[in-house]
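Listed after this line are the structures, all set down as structure tokens.
You will see subunit A twice below: alongside subunit B first, and alongside subunit C after that.
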Partner chain A sequence: MSDNLNTRSIGARFQQTPAKAALERLQKLFTPRNLGGLLVSLGRLGVLIGVSYAILFPLLAKIATSFMAEIDIFDKTVHWIPKHFTLDNYRNAIKYMKYPSAFVNSLALTLGLSLLQLASCTVVGYGFARFDWRGREVLFAAVLFTLVVPPQMIMIPLYLNYRYFDFFGLAKEMQLNLLGTYWPLVLMASTATGVKNGLFVYIMRQYFRGMSRDLEEAAYIDGAGVFRTFFSVMLPSAVPAMVVVFLFAFVWQWNDYFFVNIFAGNRHLLPNALAQLTGEYSRDLTVAGTEHVMRAYGSLLNNAGSLLLIAPLVTLYIVLQRYFIESVERTGLVG
Partner chain B sequence: MKARLSLMIVLTVIVACASVSMAYDYDNLDFGGKTITFLYYDPNNPLDADVVAEAEELFNFKFEMQVVDWDSYTEMAMARLLSGDSDYDVWMMGHPHFVQLVSNNAVLAVDEMLPADHFDYLDPSIIERINKLKMDGKTYAFHSWIPVLNDMVFWVFNKDIFERDGLPDPYELYDKGEWTWDKVEEIALMATKDTDNDGEIDQYGIGEMRTLFTLIPNGARTVDLVDGQFVFAFNQPEALEAINLVYRWRTLLKVSQGTWDIREFLAGTRAMTGVISWQFWTLMGTELNYGVVPLPKGPNATKYVFPTDKVCMFYLPANAKEPEKLIALVNYIAPSAEWHEMTMFDQWIPWWVRDEKSAQIMMEGIENWEGEFDIMEGTLTIPLDPVFNGEKSAAAYIDEIYPQIQSQIDDLFKQ
Partner chain C sequence: MAVRLKKGHREALSGIVFTLPFTIGFILLFLRPFVQAIVFSFSRLNIGAGGYTLEFVGLGNYKNALFVQPEFVRTWVETTGMMIVNVPLILAFSFFSAILLNQPFKGRTVARVIYFLPVILASGIVLQLEQDNYFIESLQDLEETVSGFMSLETLGVFLMKLKLPARMLEFIMAAVQQAPVIIRNSGVQILVFLAGLQSIPPSLYEAAQVEGGTSWENFWNITFPMLSPLILTNIVYTIVDSLANPQNELVKLIRSSAFGPPGYGVSTAMAVLYFLGTFAVLLITIGIVSRWVFYHE
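Now for the complex of A and B:
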């Protein structure tokens, strides 16, 4: 009996034309339930493409124009692909930014500051998460408040603080001028007050709060002190959040011009070199007047310079993409 | 007789030269090896490097150019002043920075320090600028490195569009004194069209319209000085007309559409647009066939005006040590009146324009400039979008925001 059935169904299958089979498959695919899901997916795809386009458009436009000759900018028929492809913008940007030395200096500074920020924000975050002390909530609100304060607003006090540095009021008679050195940046990074450090403290605090207390309590019962518990038990478990903090710190510190210009404006670092790019280039020209570099060429040069500035970051992101996304997910920064 | 005449000429030249050097005592100018910091907002150093190097050697100082971006300039200047680092500073700044700093007593009044003949050797446009920037009758600005033409505002038109669409010649209208808002509106209406018949407007009469292009040409300004106090003046009829014109062209008639960087005009899809002179550096690199005229005059105007957008000058901080010496140094380093004239008339204008008439109009602009600029331009942000979008009438909206803006002005000038 079952043999008959199998033979019949196989025979029926063989009798179907390819068009009929395709139709059947489509019918199965477009059930009302599937159709709803498909529409949602399409909508989501549309939103993702739209958002990606909005984010990537400026970058793609910069990449396209960085390979253009000046004449291409004014050619209405040139939209994305240059008619006069050139690498001159990059050559000039590398030459006038003194890119290799600026790169090495920036890399050393950024790595150092990022590690310091990571260390300080982790300790501070742990303190906020695990210890009860008077004024904790108020101070934490102040930490969050630093995220919304524009840097210009704190520029004067910061400048004065490091112009007459008295070890945070501890040695008032010994005032040092730290401007023009890396010390203000190092001190800010070491005390969790560097670029966007409020956010990093928040991330670490949230992560530590989400960790089970059992581990800590077990360590305390085994006789470990606060530091031992922190270094041997809590830190190894907080690696995902630390990776996020380190990557964010690196990216923001790398791109920071504001603080670098105030405290170390005389140092040969990439953001300073980019800011002075057209100025350096114009010094080689002999045209009189205040506008030595034609604005159009200045924008091409700046586009190439900006891309050279972010190139290491893009490379870093491509190499560490997996860790970056995983860490962001694990720390609960995304929904 | 001839010999006597020659002797007279030689003596006259010697006396003239002597009077130049008498203005400043360069022989005794010595800074004792101090570092003099020029605080500036643009990485393109506009000062002649050779002259600076020569001055460093002659006057025994170390030149330092500290660049800070435009938006942080005021804070940096204030920070340097409060820290005491600015005692040998020279501030090269725009008028919005000056307004904020002077109201905080951060800028030095230099009336007592300027030699009697200081103004004899300055370009006339610099003297106009110095006078316009006086506060409470005191002089603060004393020199400039930028020729006035750099920030002058003009109106450009695309000659090819005008020829193709048979539009009236702006040069003729200008010569007849008829280059007015009404005429420009007529032209803009004719020029705004769908050129490829796809049902969408792709050519507009005018690029982006701003009050920068309408206020001064109608005799209006943002603030009036009444009994020594700055008073918000957007409720005056001439200012309301100027604001309404922007609304009319942008929203009501839809003949104006564009962005501040005139990219649409550069792309050949706008018949006319207002430009600030530094935008000619971009225009000159294009293939566009354009002409230059003044901003069209409003019904309240009696003549064409050529307003400037920004006014950038040299100043000294309030705690300047040896200010007389610093002024003398700046006078030595800053470009001469001859340089200003040569740069504008022999270089920029020939580079920037496409025909003689445009050059003539630009020259008229420079020669007739009487310090027309709005001290609040770039200093105070007045959100006029509800008017421009047609949500509220200009008069009603200005009445609504008047107390708020006036209190901002009071805060700014500490009055």
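Now for the complex of A and C:
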């Protein structure tokens, strides 16, 4: 080993022949350190390919299948590329889901609910972050508690409360049926108890806690009240965290089927339309096919419908991916 | 002194006002149904034209859920067991993914986008449709033909040749089978670890370099302890996330029992048992993990 080092350093002192130089360059390239780096890169590439495969495969397979005609599913020789390319699956899914109107309704509802959630969670998060009072810790424990109770547990009482709505026991004789209206969802969103809202309260609290108190102190000295300070000083500085909360609220609300199905199952919304898609289609069938064939075509329809449901979100995600991926850093949730 | 007291009062008042939306929502839309759920679980519910009436049945619903319903105990044990197996796997996967995605390399943005994609795709109704679906069966056929190199049978045969102990073999096979589930449920956890990695002060690594630490030592002495509080955060998130998963078998059973034959009372009893079990697992995990979590500062 030391011999080798010696000859090399001596060799460097004398004039080098081209062959020697090439050999030396090779030696430099294949030092243990470089080899290790190469192995790490290869290993990383392997892991990345494997994981991307696991994530993308189902999606790509769905997309490929969505262009297949029914015979192609039964044809064992068809992989990925349809033999009978067709847009019929999409055409039928759009027709029987009444996609355009369902999309507009879903978009309006999701936007409205996620804005309400953003407003309520921001205000509540600020309250937890900046003010101290007896019972604050208990109330914050309540926020975390809402996260660990499975929604199925309170599903039935909630359902009955809205079925025979009596203003929470205040007006016993009035029994409105709020099921099938958006009221239950609106009430939940505006009181920070909607889908994963505890998490958003937590995010906003952490963000406000991390902000410097100087701005607020200055505003108070200038005579601004608590609310004025909050709206004109704190809110503009909290925009990064609010963007994150809004995006997650939007995605999770769009994907929610649990609450939408219980409280507004009869409304013309995308998830409901998708759930009823095959039923709507088969009702319209003039020639009754065998059940087996219907099941196969139904799954093709559901497949196209599913893609239509997630397409807006995937588009949103690709356009705004930076906000999603940097989300946790932006909110200062961690450090 | 008087001014101070006044200020304290005002602060308390402001806090109460700002958190009022949640307080109202918590009491009326959460605590009230929560208490009602517990009452329901001890009652028989009769729904009439003008509302519902309750009839106290003691532990009847719980006895029914535990001893009469054929599916419940098995599904409960399976779901909880699955959660206990999945949590460490998800944690390990997201931990190493975050370290991987934190390294500089070409195409890192694309890789991050793909890793996080499952969070966007987790649509309730789509997942529900994908459960018993004819089309999915044919998809799986496709998957097997495409991924010959990853087929389970081949792996099983290969592992047999290595003469591994049977129990270890079973575990490896189960882990491989679970791989897609693990990967698809790790998105948020990866983000949390990534943010954590970026919040580690570079000065720590610089100091280690001066001392001559290898990257292996750096990992165990700096990276791992600095991320350990987030391990706790992620364990809690993973457990909570599994509760709301539409593919959770027990959740489906609770739902179908509510609107099916055993009825509301039994379904609520099942939900209460599920909640208590999960809560216990959560507390035990927090108790064990928080012992060795390292807090900086």
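Everything that follows uses one rule, which is that the second predicted complex is superposed on the first by the 251 of 335 C-alpha atoms of A that agree within 3 Å, B and C clash if a C-alpha of one lies under 4 Å from a C-alpha of the other, contacts with A are read in each partner's own complex, and residues count from 1 in each chain.
One rule holds in what follows: contacts are C-beta pairs under 8 Å (C-beta built on N, C-alpha and C of every residue); 3 or more make two chains touch, one makes a residue touch a chain.
Bear in mind that the values here come from a model prediction, so they are computed numbers and not experimental data.
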Practice prompt. Check the residue A:209 against both partner chains and state whether it touches subunit B (first), subunit C (second), both, or neither.
Written response: neither
Worksheet item: Who does A:192 touch here: subunit B (first), subunit C (second), both, or neither?
Response: second
Discussion item. In this superposition, which partner touches a larger number of subunit A residues, subunit B or subunit C?
Written reply: C
Item to complete: Considering only touches as defined above, state whether A:164 meets subunit B (first), subunit C (second), both or neither.
Response: both
Discussion item. Touch test for A:258: subunit B only (first), subunit C only (second), both, or neither?
Written reply: both
Discussion item. With both complexes overlaid on chain A, does A:70 touch subunit B (first), subunit C (second), both or neither?
Written reply: first
Item to complete: Once the structures are superposed on A, label A:282 by its partner contacts, choosing first (subunit B), second (subunit C), both or neither.
Response: first
Item to complete: Determine, under the contact definition given at the top, whether A:155 touches first (subunit B), second (subunit C), both, or neither.
Response: both
Worksheet entry | Intersection of subunit A interface sets (partners subunit B, subunit C) | 73, 152, 155-156, 160, 164, 257-258, 275, 295-296
Worksheet entry | subunit B-facing residues of subunit A, complex | 70, 73-74, 76, 152, 155-156, 159-160, 163-164, 257-258, 261-262, 265, 275-280, 282-283, 288-296
Worksheet entry | Complex interface listing, subunit B residues touching subunit A | 42-46, 49, 66-69, 71-72, 75-76, 78-80, 82-83, 85, 145-147, 150, 266-268, 278-279, 281-282, 284-288, 343, 347-348
Discussion item. Help me check something: in the complex, which residues belonging to subunit A touch subunit C?
Written reply: 41, 44, 47-48, 51-59, 61-62, 65, 73, 79, 120, 123-124, 126-128, 130-134, 136, 139, 142-143, 146-158, 160-161, 164, 168, 175, 187-188, 190-193, 196, 201, 226, 230, 251, 254-258, 271, 274-275, 295-296, 298-300, 302-303, 306, 309-310, 313-314, 317-318, 321, 324-325, 327-329, 333-335
Worksheet item: Which of the residues in subunit C come into contact with subunit A in the complex?
Response: 10-19, 21-26, 28-34, 36-37, 40, 47, 50-52, 97, 100, 103, 105, 109, 111-126, 128-130, 133-136, 138-139, 142-143, 145-147, 179-180, 183-184, 191-192, 194-196, 198-199, 230, 239-240, 243-244, 246, 251, 254-255, 258, 264, 267-268, 271-272, 274-275, 278-279, 282
